[in-house]
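Each of the next two complexes has subunit A plus one other chain: subunit B in the first, subunit C in the second.
So, the complex of A and B:
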């Protein structure tokens, strides 16, 4: 209960803090939607008469906006400038602050990006079945957790290297290719599709977007939950190792 | 000539600074490889399902990607280290004040004096993909095609520099406006032929934010031969963009009162 109220407080604090940077948030929205938009145009050029392509990519845009993570900026910069020490001195887990900021930014991106999704859907005459959208909600929530854990895990490399941006950039490239943004998993060549379905990236974007766009739900939440467990254990282990290594000016 | 010497001296210092950090060099090489690999893989996936996209074949796509990577590498090496996050780095931190006191044109110092030589790795890889694309194209480019590609790439570079300067100049009027993320995101659209986009985006990429000039137009000229109209439009766009950038910089400086005032 205490954790929940602390988290709510951090979210409210960060929402207010970010409210002054709405122009910058808009540029982050553009950054989030550009890759799925490119995918939408490319695949629509390949399959001009297939409405499932546009439905899938509109869903991908929304999922991306709702699940973007920036821990390489928010968390890693605190490691680099030493202000992580302030967080360590507070009588609460450091990760609460990181999650609070993550959720606040996601809230802003979803709010500011929703008109883009709406305009794209209307312009392309895309409709969704509300049952499918409701079914996709647990998948989207797990996708949000997966992306946070993955980005946070990679951002923890800030304890060892000052090149955290290339590290996270590499992770984003994998997520782009195997997560369903570069191409819907069903359109990947056979071998690639099998690899993509086993990796966690499909659960970050493609799977919830597929469910929202009407694909029959086949109990794939178990696959997402499995990867959540793996990434949680990995992030906890790397955090423990990293924090033992951490030193800051004045410490 | 003096500016070229200054440019050379700045580049030489940057090279020495960069090679001192070998791990960073390794990171940049790996990331350049994986970044390009991801792009090519994404295109390869598309071409497992079709022979052309928006009228562009796989070979033409490869030439386009190669040209895009080449120009992006040059931008990352020579323009971004100077003009990225200009409102913060140039204006609020007072770096521009230091440039204004030096005996060289402030526009040159602010936009081209620093460099990031490691980013040139991307150019090498881009040239490789370009050669691969030309090698797989059924019709090889002739001398006029190569010359017009070269001219249009230079024009594209000038437009790139001018767009970055114009974006930086916004900081003189709106110092809190930070459009770098937007610019770098929109830049990715240049990696694809404008023919695949919807009409409003195609119009914007050709006339408003001319990313089509960066890679799509030169690539088309290389493989399909020179087109006098495109060549003239490219060169004119470069001249106009450079003129606008210089004017905006001058107008911005007249308004600028120093970081500490």
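So, the complex of A and C:
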């Protein structure tokens, strides 16, 4: 209960904090939707008679907006400027603050990006079955957790290097390529598609978008949950090693 | 009763070094060289309940490093430390609720868009302060520190930020206060106001305080006991009067007059 009220307060704090930078949030929205929009234009030109392509990409845009993570800018900067020390002295897990800020930014991006999704859907005459959208909700929630864990894990490298942005940038490129944004996984060459389905990135974007756009749900939440477990263990281990280093060297 | 126990405390870390020039830069890609910096060396002292101790020394002497170890931010290389019976760097929540570390260089952390009241309310939640206690302490702090609760943190001046930093630290009534340069960058009036406030607070609550400052007036007006640290080693631990007597008569007179002035 205490954790929940602290998290709620933190989200409220961060919503307020980011409200002063709405213009910057708009640039983040544009940055988030550009790649899926390019994918949409290319693949709907290749398959002009297939409405599932546009439906899929409209869903990808929404999933991307709802699940973007920026811990390389938020958390890592606190490691660099030493303000992480303030967090360490608070009687609460540090990650609670990181999650609160993450959720606040996602809320803003979803709010500011919703008109783009709506306009794209109307312009391309895209409709969704509400049953599919409802079915996709657990998948989107797990995608949000997966992306947070993956970005947070890479951002933890800030304890060792001051070049965290290329590290996270490389991770984002992998997610773009294998996650279903560059191309729906089903359209990748056979070998690549098999690799993509095994990696966690498909669960971050492509899978929930496929479910929302009407693909038969085949119980693939287990695959997402498996990767959530793996990334949670990895992030916890790297956090422990990183904080040991931070508290040995200081800032 | 001993509140802070420091025994044979040592802290060293490796810092990368290389010569200037392109050749040395390329060489460091293959083989990095490090030098060991000894920030603290065999430092021992104890602080009793309710004591206000001045922790002085030149820049880089190890004052802030010691403060960080005592508050739990840093993990020392060797030695034993206990604050309120706890090992600080384990950062257990019950321990963190009993101490506060205020840094003059960064008095207020966290979200800068929030108002002073929002930030204090967050502290109330974090430190589980009961509402009636919170209200009572806030009334006291507001009077003593002249807080403007509806102002946003980002719009505060340095002096106001320091006062808010103190309020945020004291709203949960910590038993031990680590104050690192609380008057840094403040004008004479604001610094004197902060000093008066700390003295009042200690008198009314019986809190234990370890204070670092480069300003003589800070330590002379607040602390009966001084710990002098130089190049990571303890150089003096004892009453203020004795240290001033060891110094030249002129310096001793000067310190005494500053002390009187502050009273």
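FYI, the second predicted complex is superposed on the first by the 246 of 251 C-alpha atoms of A that agree within 3 Å, B and C clash if a C-alpha of one lies under 4 Å from a C-alpha of the other, contacts with A are read in each partner's own complex, and residues count from 1 in each chain.
Rule of thumb we're sticking to: a residue touches a chain if its C-beta (ideal position, glycine included) is under 8 Å from a C-beta of that chain, and two chains touch if they have at least 3 such contacts.
Computed from a prediction, not measured in an experiment: that's the story for all the values here.
Enquirer: Using the superposition on chain A described above, determine whether A:198 touches subunit B (first), subunit C (second), both, or neither.
Expert: Once the two structures are laid over each other on A, A:198 reaches no partner at all.
Enquirer: Give one of first, second, both or neither to describe whether A:137 is in contact with subunit B, with subunit C, with both, or with none.
Expert: neither
Enquirer: Per the contact definition in the header, classify A:166: touching subunit B only (first), subunit C only (second), both, or neither.
Expert: In the superposition, A:166 touches subunit B alone.
Enquirer: Just checking: does A:16 make contact with subunit B only, subunit C only, both, or neither of them? Give me first, second, both or neither.
Expert: Only subunit C is touched by A:16; subunit B is not.
Enquirer: When the two structures are overlaid on chain A, which partner does A:236 contact: first (subunit B), second (subunit C), both, or neither?
Expert: Neither subunit B nor subunit C is touched by A:236.
Enquirer: Can A:177 be said to touch subunit B (first), subunit C (second), both, or neither?
Expert: So A:177 only meets subunit B here.
Enquirer: Could you let me know whether more residues of subunit A are touched by subunit B or by subunit C?
Expert: B
Enquirer: Applying the touch criterion given at the start, work out whether A:5 contacts subunit B, subunit C, both or neither, answering first, second, both or neither.
Expert: Only subunit C; A:5 stays clear of subunit B.
Enquirer: With the two complexes superposed on chain A, say which partner A:43 touches: subunit B (first), subunit C (second), both, or neither.
Expert: Only subunit B; A:43 stays clear of subunit C.
Enquirer: Quick check on the superposed pair: does A:244 touch subunit B, subunit C, both, or neither? Answer first, second, both or neither.
Expert: second
Enquirer: Of the residues on subunit A, which ones does subunit B touch that subunit C also touches?
Expert: Touching subunit B in the first complex and subunit C in the second, no residue of subunit A appears in both lists.
Enquirer: Residues of subunit A touching subunit B in their complex?
Expert: 23-24, 26-28, 30-31, 34-35, 38, 41-43, 45-46, 123, 161, 163, 166-167, 169-170, 173-174, 176-177, 182-183, 187-189, 192
Enquirer: What part of subunit B is in contact with subunit A in the complex they form?
Expert: Touch list, subunit B to subunit A: 23-24, 27-28, 30-31, 34-35, 38, 41-42, 45-46, 48-50, 53-54, 176-182, 184-186, 188-189, 192, 196-198, 201.
Enquirer: If we count contacts the way the header does, which residues on subunit C are in touch with subunit A in the complex?
Expert: Residues 13, 65, 68, 71-75, 77, 89, 91, 93-94, 96-97, 101, 106, 109-114, 118, 121-122, 125-128 of subunit C touch subunit A in their complex.
Enquirer: Touching residues of subunit A toward subunit C in the complex: what are they?
Expert: These residues of subunit A touch subunit C: 2, 5-6, 9, 13-14, 16-17, 19-20, 82-83, 85-92, 244, 247-250.
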